[in-house]
Every structure is written in C-alpha cells, then in structure tokens.
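Below you'll find a set of structures to go through.
The same chain A turns up in both complexes below, where it pairs with chain B and then with chain C.
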Partner chain A sequence: MSREEHIREFATAALAEGRVDYFIGWQQGYNSSEVIPVFIRDAAEVEQLVWNPLCHHNLVTFLKRNMPDPPDAKIGVCVKGCDSRTLVALLQEELVDKDKLYVVGVPCDGIVDRRKLEKEFAAEMVAIEFPERGKVVVTTRLGETQEFAQDAVLLDVCRLCRYPNPVYADDTAGPLETEPDRKHTQPDWTDIADYENFSDDDKQAVLEQIYSTCIRCFACINVCPVCYCWDRCVNRSRQPELVSQKVGAKENLLFQMIHMMHVAGRCPSCGACDRACPVEIPLYLLHRKMNKEIYDMFGFEPGTSLDEKPVFQTFRIEDEFGD
Partner chain B sequence: MTIKYLQADRLPAFLEYLAEDARVVAPFKRYGVVQFEPWSSGKDVELDVLLAKQSPKEYIFLQTQTYLKFGYRMEDPETSAPDGPGSDDAASEGEGAAKKAEPDESPTVGIPHETVHVEPILEAQTQVIFGCRPCDARGFVQTDNVFGGYGGFYYDPLYNARREVTTILAVTCREPRSTCFCTAIGGSPAGTEGVDALFTQVEGGFVAEALTEKGEAALAYEGLADAGAAQTDAAAAVKEEAIPKVDMPFELEGIRDNLHDNIEGQQWHHLAMRCISCGTCTYVCPNCYCFSINDQIVETEGERYRVWDNCFNPMYTEETSGHNPRAQKSNRFRNRFSHKFWYYPDKYDSLLCSGCGRCIMHCPTRIDIREVLRVMGSPAPEPEPAAAPATGEGKEA
Partner chain C sequence: MAEETRDQGAENATATTEAGTAGATGEATGSPDTRRVKIIGIVCNWCSYAGADTAGVGRFKQPANLRLVRVPCTGRIDPLFALKAFEKGADGVLISGCHPGDCHYSEGNYYARRKFELMERMIHHLGIPQERFKWTWVSASEGARWQQVVTDFVAGVESLGPRQGRAL
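This part shows the complex of A and B:
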C-alpha cells in the first residue's frame, strides 16, 4: 500500500468514527504542478488526498492560535519529519491540545523545489509527475517535457535533513525512511558555510541586500507554524510603533531579525517561510544560522522530544555562553 | 494613430531616449526573480517571463510614502524674536516652516508656547513604465476611481501627481498563462485600456501603436521606423492568436448579486481554511490600494507616512476599543473578493480586478480567485435549511 493510500485510510477511519471534525492533508492544486493544503470534512472526499514530493506545506500552521475554524475543532493532520518537529515545539509549550489532535506521520524522502524547476523554463509549468521513485517529469504549457532526478531538484533543507521520519505521530503512513545515525553524527551546516565566512561588514551588507526586496506581506510570519502570535505581531504594532512600518532594507532586516529571535529554539528550519515568500527571499538562511548557534552552544535540536522545553525556556548552570 | 516598428536590438537605444527626460521603469530579472525596477544603461529588460512578481503599482502608489514632515518647538516671545529659533532646532528646515507657525502668535502674546510646523511633501518624477502588461495598465484605470474623486469622493493628490506624469507602454501577452483570466472580466491580452502605447512582439522587433498623446510623444523617437503592412498584419495575428489562449473560468454576469446573496454562506469558511491571512495577494495585485498612516517621531521632529496595508491583516479592522469586526480569517477572506466584485463596483462603477492571476500564482497556498468566484459568485443554494443539518452534525453550538 502506498503512503497516499495509508493517508486516505487513516483519514477515512478518523472521519467516519467522528474522532476528528476535519482532516488536513495535501491535494492537487489548479494543475498537477501544484499541491495545496486540503481540509476534508467528509469521508467521501478522501480521494482528494495526495502524497508526492510536492507536498511541501507544513500543515501544523493550521493548528496554531486562531487558525482552526471552528476554534475548538478536533483536527486530524498529516506531518512530515520537519513538520512534526514544529508540532512538538508547539506541544512542548502546551499551545496545542494533544487530545483534540490526530496526527498521521508521513515519512518523507525529500520535497522537490518547485521554484528551482520553474526557473528551468520560460513557459509556465502545467504538470509535474512522478512516474517512479526518484524521477520528476515536468511539462510546460507549450508542451515541452523534461525529466529530472529528484535528488538534483530537492529543496536545500531536504538535502541536509536528519529527520525524514516524524518524531511524533499517532499513526504512520507506511514504512519508515532510513535515518542518519544522529547519535554519532553531527548536523551538516555546509549550506551556511559561505555566509559564515563573510566578515561582519559583509554579513550586514548581504543581509540588507537580500531583505531589501521584502514587501512585508507577512507570509513568512503567518505561515510559520511556531510563530503563534502571528495575528498580534510586534512587527505590526503601530501604537506604539515598535518596529518601523516603512518598507526599506534596514527596516526589513530588523523585522526579520525579530522573527528569527522569537522563534529561536522552536524553529527547526522547516523552510515554510522560505517557500511562502512571494519574492523568494532565502529566509531560512538566518534560521539555519540560529539553529547552528543553538546546537553549538547547547547541543539542542528544536522540537525533537516531548520531554524537552524550548532551549530559551530552560536554564542550566553548566550551559556555555557565546561570545 | 501612429504605428511604428522598433527593431529588437534598438530597444536599449529607445529606452535611452525615453530616459533623457524621465525615469524609465521596466521588468528585470534578479536572482531569477522578475520585478519592475528603474532602468539604467546596460540592464536587459525581461519580457520572456510573462508577469513580474508584482505589478508596477508601486511606482504610482508607493508602498512607503512620506507626505508630511512636522516638528514641535517652544517659543518664548519674551526672550526671543517671534521668528527666531527658540532653541538650536534645525534652522535648515527652511523659512516655509517658520512662516506657518506665525498665526499662533496673537492669542498667546507673552506666554511661552509650543508651535507645530508642518511641511507637506509632494514629489512626482516624470516616468515611463515600459514592459507592463495590458492587465497592469487596466489596473491603474480601475484604481483611478477611488483615488481620483469619482462620484464626489476623495481626490488623492499623492496618487494623481504620479499618475499624471507617468506614461505606460504595455506589451501584448503572446503566451498567456493558465492563471490568466483577463478576458473573463472584459480585458484582453492586447487590451488598450490605460495604455499609452501598445507594443506587440513580432519577428525581429515590436510593432508599437500610440493610443494617447503621451504615447505619441514616446513614439516620436527617431530610431523608430514606420511599420509596414506586413508588420502590422503580423502584430494583428499575434493579438488574434493570444486571445483564445486565455481561459474563461467563470461567468462575470450575476457575480455581484450572488456575492451579496451569499454573504453568510458557510462556503466562505471552507474556502478560507487554507488561507494563512497574509497579504501576498494584495501586494502583488495591480488593484489593491489599502494603506495605513503612521507617524514616526524622534524627539521633536517627525514625519507622517503612508504604507500599504491589507484586509487580511488581522489588525487592519481592529478598533481602538479592541473590538474587531473582522476577527475571523473567513471574514477577512470574504472581504477581499466582495470588495473587488461587489462593493467597489457598487460605489465606483468599475471592477477592482484586471485578471492578471498574480494572486493565484503567488499565494503561499494557491488560493484561487477563480474558484472563489465560481463558488460564491453562483446563485445561493435554495434549500439552505435542508442542507444545514447535514454539514452541521451538531458540531457547533
């Protein structure tokens, strides 16, 4: 049975038995090159649920404060490895009621970077298909077809993933993926090596440049599963104007720095912000960097165990401090 | 009407000509992302990608616009001349500012008092927007009503100052996207509404048609040749072929009334489920025009600026009392579509959507305005009372 069939089966059972009011999964968008979140309320509609390497949305976003509709709904939700870590981060802070939740874990072998593919063509992509594991076939509106190896077009976050399997789930959709030996290996931070080698001045310049194109749409904030005061964000406060509402390189950088600081210790750099950004700012850069700092200082990886607390909510006398 | 031919390799020279007495704005690709930016020599205009991420709206309706500077100063008529700087505050702020403070003088003679000086800022640089699409140009025409005093409502000097000095040179869409729906709402991939001159890409160059005086002025460039019959025929063929490539995903007729009738429809909740309530759709939209006003004050000097805001922002409708009439995501979601297709047409006799499809393409969860209009723009289901128990199932009190 495929993972997709497992998901449908779990959803059918949960809905039929009334364990959930609605079940959140993924569905094909307006064409097969797009996948979107779907909210299934009726067991007869489970056929809409899909699972493929385009299912990038972190559905935990729809569990955070003021997102569920009705607010007290019992919800079923699908999570990938990275998504489950954001869920665990919410559970660690008791921000989501575990009893109202039914979690289907979906082991994941990497999500395709749709934007990377998009840039290969001048014409619009209208279909992305996965005829067999590891193979991606793209068709454009002009009828061009091109095949890619899935590994070559993965999201950057996926290439370095240490948690392909959900760390928390009530049921799991099919067999687990092979995991790295996390006890004996260190996370791979090579993706931010270039940035780390910059001088302080260069870092400032690079950050200002990449954030200069920000349009302050707040997609990164709102889509972030652990950014739970999204609807009362300090970055939006006008009275008092704590963060300038002006849109400019320095102001945008401050806004993003605040986001980074606020989610530090809870953000596993799932990359949801990055993929939501309409102007394609590499937002996950700062979050990855923060995660590295936290790992180096405290040996902490966010959202990996229900028994832990986010690192900035604990204090141990033996913890090291940075310089 | 002037019809000219611009050879593709003469495009930089043409832009150079336009740049002699105007700022030229055009789409450029940076790190794979296409956006409108001021042009300068050597930059290659990107026309292969159909739509820039955002419409060129921000060159007429600025995202951040400071329109007032102000300051407070103490004046003590006993110890200083009425106009003299009472303290060491910025004398460079100019004479105009000091003059404005004068009317306060008479009632407070002899008493130290605070005065406020204000300095309005209204700047508008002559500019040419090259390479936008007909839907982008039509977007300006649609927003003109709200800013232009239509129906006796507010006339906005900031928007209009820029609008008046802007020339819009649009390019026909040869290969519309599957997300385009301009024809469904009365537009066209070769539409001319709001366009000063329309450029159509043909073999080896562009056929350029002037549609207004501003367009004529732009096409006065000597490097343009008169278009031959073969070229104008080719341009006509390109336009002809493009039109059927745009989908007609819904029927416009009746949408306004049906949105009205469906205002309490349960479907709004379902459609809004995947919305994350960000402002992407509104900020990439050629039409959305909401803004908020902020004061930024440092010690005694301040500035007042307006900055884009959007109806998905949970704080957008929040009142001072703390009450929020659109507290739920679904309320805010409903507003955007109803505004564009119901209240705006009611008040300003124009739609507020030109069918570019950017909101569909860039929405983080691909909320599809076409789907919303198909569902909510259809007649309300008659047997509402019978259907309600089936979906309700006693879930909610």
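This part shows the complex of A and C:
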C-alpha cells in the first residue's frame, strides 16, 4: 500500500469516527505539476488527498494561533519530518493542544524544488510525474518531456535533512525511511559555508543586493509555522517602531532579522519561508546560520523532543557565555 | 550614512571629557571620514548604569563617544535593539549589565546572556565586524572596570572608523 493510500485510509477512519472535524492534507493543484493544501471535511472527499515529492507545504502553519476554525476544532493533519519538528516546537510551548490533534506522519524521501525545475527546464510545466522512486518526469505545455533524478532537483534543505521521519505522530503512513546515524554525525552546514567565508565588506554587499529586492509582503512570516503574532507582529508596529516605513536594504534586512530572532530556538529550518518568498530571497542564509550557532552553543536541535524547552525560554546557571 | 543617531545624552552619566575625540579622526585607517564615532550603550539600571555613575563620580577619564540607554534589566534588552542601533547609524553597540548571579531580578541576565551570545554571532554573520559589538558585565562598584571597558571598546571602534553600512 502506498503512502497516499495510507493517508486516505487514516483520514477516512478519523472523519468517519468523528475524531476530527476536518483533515488537512495535500491535493493536486490545477494540474499534476503542482500540489496545494486541502481541507477535507467529509469522508467521501478523501480521494482528493495525494502524496508525492511535490507536497512541500508545511501544514502545521494551519494549526498555529487563530488559524483553526472554529478555534477549538479537532484537526487531523499530515506532517513530514521537518513539519513534525515545527509541530513539536509549538507543543513545547503549549501553543497547540495535543488532545485536539490527530497527526499522520508521512516519512519523506525529499521534496522536489519546483523552482529548480522551472529554471533548469521550462517555466510552463503541465505535469510532473514520479513513475518510480527517485525519478521525476516533467512535461511542458508544448509536450516536451524530460526525466530528472530526484536527488538532483531536491530542495536544498532536503539535501541536508537529518529527520526524514516524523519525530511526533499518532499514525505513520507506511514504513519509515532510513534514518541517518545522528549520534555520530554532526549536522551538515555546507550550504552556508560559501557565504560565511566572505569578508565583512563582501557580506554587506551580498546582503544589500539580496535584501534590496524584498517587498516586505509578510509571506515568509505568515507561512512560518512557529511565528504566530499576526497583527501584533512588531514588524507592523508603528509605536514602538522597530522597522521604519522607509524601503531599503537596511530596513528589509532588519525586518527579516526580527523574524529570525523571534523564531530562534524554535525554527527547525523547514524552509517554508524560502519557498514562500515571491522574490526568491535565500532566507536559509539567516535561519541555517542561526540553527548552526544554536547547535554550537547548546547542542540543541529545535523541535526534536517533546520534553525539551526552547533554549531561549530557559537557562542554566552553568552556561558559559560572555567574560 | 542616511540616518543620524539622535543625541540621547542629556542625562549622560559618564564623565564627559573630550579625551576621546582626538583619536576619532580616522587617522588610524587613513580614511577621509573624520566624523566622531557614535556608540550606543545599553545598560541595566542596577549595575552598569550605577557603575558608569561610579566612574563619573570617581572622575575616571573616559571617551565621550558613548550614549547610554538605561533599561531596567539586561533581560529587558531585546537583541534587536542592537540591530536597530546599527540600522540607525550607530558605529558600535555596547551592552552591559549585572554579573551572573547578581541580577536585581535574580535571573534576568541568565536569559539575556544566551540571547546576546546568539546576537553577537549573528551580527558577525551580517558583516558587522567583531569590534563593533560587545556585551559584558560591570557591577555598580566597578567604576574602574567601566572606564576600562569603555576605553577599550571605543578604541576598537575608532580603529575601524565610522561605519559605511550598506545592509544594516
């Protein structure tokens, strides 16, 4: 039985037994080249649910504050490994109620980066198929097809993923993926190594170039599953004013740093912000670096254990920081 | 620099001597920028602010480039205050509070030091040199230590000259 069939089966059972009010999963978009989130309220509609390496959306975003409708709804939700870590981060802070959740974990072998395909092949894709594991076949509007190896078109965050299996789930859709041996390996931070080796002036020049394109649309903040202040976001505040209304690289970078510092210790680098950004700002430069330093300081990986507290909401007297 | 930091030094507790101005002409780097460096100090009310006061009362000579912002506790200091200062054109940011264990509110600085440590590393990641950001502990009685901290920090910032920040 495929993972997709597992998900449908779990959704049918949960909806039919009334354990959940609605079930959040992924469905096919306008054509098979795209996947969008779907809310299933009726067991008869579960056929809409799909699972394939295009399901990049982090559905935990729909669980954060003010999102459940009604506010006390019982919700079923599908999570990949990275999504489950954001869910654990919310659970660590007791911001979602475990009893009102039904979590279906979906072991994941990596999500395909649609933007990479667009850049490398064609902008107008009408179908992306996965005939067998590890293979991606893309069809364009003009009928051209090309085959890619899945590893070659994976998202950057997936390439370095250490948690392919959900860390928290009530049910798991199919067999687990092979886990990396985490006890003996350090996380791989090679994706930001190039930038880190720049001189201070070069870093500033790169950041200026990157952040002059930011339009402050709040997509990264709205889509972030662990960023939940909504209208009370300090980024929107005029009194006190942290980010001015002026538009420029400085203000835009400060805007982004506010987001980063506010999710510090809770962001597991799921990469939802990178994918949501309409101007393709490489936000991973900031959140991957932040996670690298947090790992270096505390040996802490956000959202991996329900018993832990986010590192910036607690302290140890023995901490050795500063002089 | 687009933004000028406004002088908040009306109630400046530091002993204001003009000693710091001589070295601020950028001669060290050969830069034509001759503005005096502006440094924002964010200090806790109970230790470092009083420590700065002690330094003033004791007439310890120290550079006048520092403008102090007094907050109730280092736990109140959002690390983003430092970034905001840099965005607004500060050339350096100095954060100081009670020694660990001496916090007036028992544990504020234990939380704070975790945040500052991360902020320090992120600030360097943004291409702001190490010399421009410092956080430390100065108690109310350590007037001499305050003088030392300020003198060293200002000298470090002055050796780099005023900032030409392009992104933050």
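Going forward, the second predicted complex is superposed on the first by the 314 of 323 C-alpha atoms of A that agree within 3 Å, B and C clash if a C-alpha of one lies under 4 Å from a C-alpha of the other, contacts with A are read in each partner's own complex, and residues count from 1 in each chain.
Here is the rule we go by: contacts are C-beta pairs under 8 Å (C-beta built on N, C-alpha and C of every residue); 3 or more make two chains touch, one makes a residue touch a chain.
All values derive from a computational prediction rather than experimental measurement.
Looking at the shared chain after the overlay, A:Asp21 reaches chain B, while chain C stays out of its contact range.
When the two complexes are overlaid on their common chain A, residue A:Leu306 makes contact with neither chain B nor chain C. Contacts of A:Ala44 after superposition on the shared chain: neither chain B nor chain C is touched. By the document's definition of touching, of the two partners only chain B reaches A:Phe62; chain C does not. In the superposition on chain A, A:Ala149 makes contact with neither chain B nor chain C. Of the two partner chains placed around the shared chain by superposition, chain B is the only one that A:Arg238 touches, whereas chain C remains out of contact. More residues of chain A lie in contact with B than with the other chain of the pair chain B and chain C. Of the two partner chains, neither chain B nor chain C is touched by A:Cys229. Shared-chain residue A:Leu253: touches chain C; no touch with chain B. Contact with chain B, but none with chain C, is seen for A:Val279 once the two complexes are overlaid on the shared chain. In the three-chain superposition model, chain A touches both chain B and chain C at residues 248.
Of all residues in chain B, only 30-33, 35, 48-50, 53-54, 63-64, 175, 177-179, 269-270, 272-274, 276-280, 282-284, 292, 294-296, 305, 307-308, 310, 313-315, 328-330, 360, 362, 364-366, 368, 371, 391, 395-396 touch chain A in the complex they form. Taken together, the chain A residues at the contact with chain C in this complex read 196, 198, 200-205, 207-208, 210-211, 242, 248-251, 253-254, 257-258, 260-261, 264, 286, 289-290, 293-294, 297, 311-312, 315-317, 319, 321-323.
Residue ranges of chain C in contact with chain A, taken from their complex: 2, 78-80, 83-84, 87, 100-101, 107, 110-111, 113-119, 121-122, 124-129, 135-137, 165-168.
If you check the complex, the residues on chain A that touch chain B are 21-22, 29-31, 34, 36-39, 41, 57, 61-62, 66-67, 69-70, 73, 115, 119, 122-124, 126, 141-142, 213, 215-219, 221-223, 230-232, 236, 238, 241, 244-248, 275-276, 278-280.
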